[in-house]
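Please find one structure pasted underneath; my questions will follow.
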Amino acid sequence: MKDKVFYGEGMKVVKELKPELYEILAKLNDEVYSGKVLDYKTLKLVAIAIVASRCDEKATEKQMLSAIKELGITKDEIMDVLGIVLLTSGMPAYVKAMKILNKL
Amino acid sequence: MKDKVFYGEGMKVVKELKPELYEILAKLNDEVYSGKVLDYKTLKLVAIAIVASRCDEKATEKQMLSAIKELGITKDEIMDVLGIVLLTSGMPAYVKAMKILNKL
Amino acid sequence: MKDKVFYGEGMKVVKELKPELYEILAKLNDEVYSGKVLDYKTLKLVAIAIVASRCDEKATEKQMLSAIKELGITKDEIMDVLGIVLLTSGMPAYVKAMKILNKL
Amino acid sequence: MKDKVFYGEGMKVVKELKPELYEILAKLNDEVYSGKVLDYKTLKLVAIAIVASRCDEKATEKQMLSAIKELGITKDEIMDVLGIVLLTSGMPAYVKAMKILNKL
Amino acid sequence: MKDKVFYGEGMKVVKELKPELYEILAKLNDEVYSGKVLDYKTLKLVAIAIVASRCDEKATEKQMLSAIKELGITKDEIMDVLGIVLLTSGMPAYVKAMKILNKL
Amino acid sequence: MKDKVFYGEGMKVVKELKPELYEILAKLNDEVYSGKVLDYKTLKLVAIAIVASRCDEKATEKQMLSAIKELGITKDEIMDVLGIVLLTSGMPAYVKAMKILNKL
């Protein structure tokens, strides 16, 4: 499977309680992260942007951590992406994400 | 200015009615789209993903159009990005964005 | 009842189909718009800001119309409020609301 | 497949443009709508409530139509569900959904 | 009053600080949870789905707890409902709700 | 600068990591909070309402604190504004904000 963050605590719960659903989600995750033309890194940056834009702090932290540790994405790359979060979603979403990034 | 979509009908209204605010927003837009490390195209894909993830159909269409016409972004690239919208935001957001893309 | 916009097409449907619920909502609406310390106009500006901040174009238009026609709220007052929408919620929400206001 | 609304215009686009993803989504849809304990009708009412609670008017109309035509769900059942939308999500979401329902 | 969760810490604050508003909300709550055709349990499942779909973790936990303790709703019933959250709102909302449920 | 809450922990991070962006945001913040016709206090109440309406608890607390400490806004004024949050955004958002206010 391509995205190790997929195997977090939450997905373990899904695997245990809903094994059939888990199998489908694992396939869906693999399919989506195997972009036809874009690389995994770009897709991961997109995922960070989406969860940050809706102030989902836990998911933002998880996605940033996975991006940095597993894919070698840099903080500068993430900060570029957060600029778009600022433009499209306002200051509270942006400032929260910058604080999370700064603590990683 | 880097993002021609910025000059849409709405920003003309802002320029006319709130000229000081418009100047600041133009600078903000330029600053944000001049990524330190990421290129303009990647940042545009991120903007598409964010507005699509919250079912903002008008903004999604505008961003997609501007991406294709001004930056030469392909439909395959946009579809890769929409896969992340599906994973993070569910089927209604994904299906709406795919329909919009298909009509462009 | 304090807020005539309350009597729009939608509330007529509620009155007809769910009369008991309608009565409670009418009381709730009156209670809320009878601020203990703030005047009706300020509360109406708050309502405009909230619906504009989530890109609800129809509700934004309705609230703006009711503000201008029933309460004599000015476009300058609404534009001041929309500045806060821009800061807290980003450019798509702001630009949409400015376009709606400009057409009234 | 259990949910005919799944075959709407949007999913046709997905089927054509992203056939592998479509297959996975069809399985996901079937798995989710085959509740372990709840029946299809209850799950459909839940879907209506979720899309109505976020003011997604197109998805609300689609889900209501599919509920009424394919599953024999009644307008009274949908109105009961919309009461929870009112409590949890406020009047604009509720009133919009009631107007949509009233026109079906 | 039908919904004991209504009497949580927050509503005590409302009762003390805004007694007139509290009375109206208590009536609204009773009216909404006295479905014309659907039973209380189904309406509660709908409430869980709505708050889970927007990643409101505190409200999700409260509603799940009240569902299980006061109404005898089972974890299997809640998991069925969360499947719809997954379809309509994506993986972060789903995984969060599954983790909350698993800890109850 | 007009809004001291602007200088919170998050903006310090932005100032350090993105100094050019920080300068633009400081100008934007000043411009927006210098309403053409509305006073600072009214604009601050609008900001509280927007963040409370989307259940952003941290931002709600920050904005309320800054409103009370820097601008002398009263709890009664904030409660009036939260009534509009209740009407437009439902009980979870309202109850959360009332609990936050009660603890200040």
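A, B, C, D, E and F label the chains in the order they appear, each numbered from 1.
Throughout what follows, contacts are C-beta pairs under 8 Å (C-beta built on N, C-alpha and C of every residue); 3 or more make two chains touch, one makes a residue touch a chain.
As the structure is a prediction and not an experimental result, all values here were calculated from the model.
Participant: Counting one step per pair of touching chains, how far is chain F from chain B at the shortest?
Facilitator: 1
Participant: I want to confirm something about chain D and chain F. Since they are copies of the same sequence, is their interface symmetric in residue numbering (over half shared, so same) or not (under half, so different)?
Facilitator: same
Participant: Quick check: more C-beta contact pairs at A-E or at A-D?
Facilitator: A-E
Participant: Name the chain whose C-alpha centroid is farthest from the C-alpha centroid of chain F.
Facilitator: D
Participant: Could you put a whole-Å number on the gap between the CA centroids of chain C and chain F?
Facilitator: So the centre of chain C lies 19 Å away from the centre of chain F.
Participant: From the C-alpha centre of chain B to that of chain C, how far is it in Å?
Facilitator: 28
Participant: Distance between chain A and chain C based on Cα centroids, please, to the nearest Å.
Facilitator: Computed from C-alpha means, the inter-chain centre distance equals 36 Å.
Participant: Could you check chain F for residues that touch two or more other chains and list them?
Facilitator: Residues 21, 25, 28-29, 31-32, 51, 54, 79, 83, 86-89, 91-92.
Participant: Treating touching as the only link between chains, describe the layout with one word: line, ring, star, complete or other.
Facilitator: Shape of the chain contacts: complete, all pairs touching.
Participant: Which residues of chain C touch chain D in their complex?
Facilitator: Residue positions touching the partner: 8-11, 13-14, 17-18, 21, 25, 51, 54, 56, 58-59.
Participant: Name, in rising order, each residue of chain C that touches chain E in their complex.
Facilitator: 20-21, 24-25, 27-28, 31-32
Participant: In the complex formed with chain C, which residues of chain A make contact?
Facilitator: By the definition above, chain A touches chain C via 86-93.
Participant: Quick one: in the complex, what on chain C touches chain B?
Facilitator: 55, 79, 83, 86, 91-92, 94-96, 98-99, 102
Participant: Along chain D, where are the residues that touch chain E in the complex?
Facilitator: Residue positions touching the partner: 28-29, 31-33, 35-38, 42-43, 45-47, 49-51, 53-54, 74, 76-77, 79-81, 83-89.
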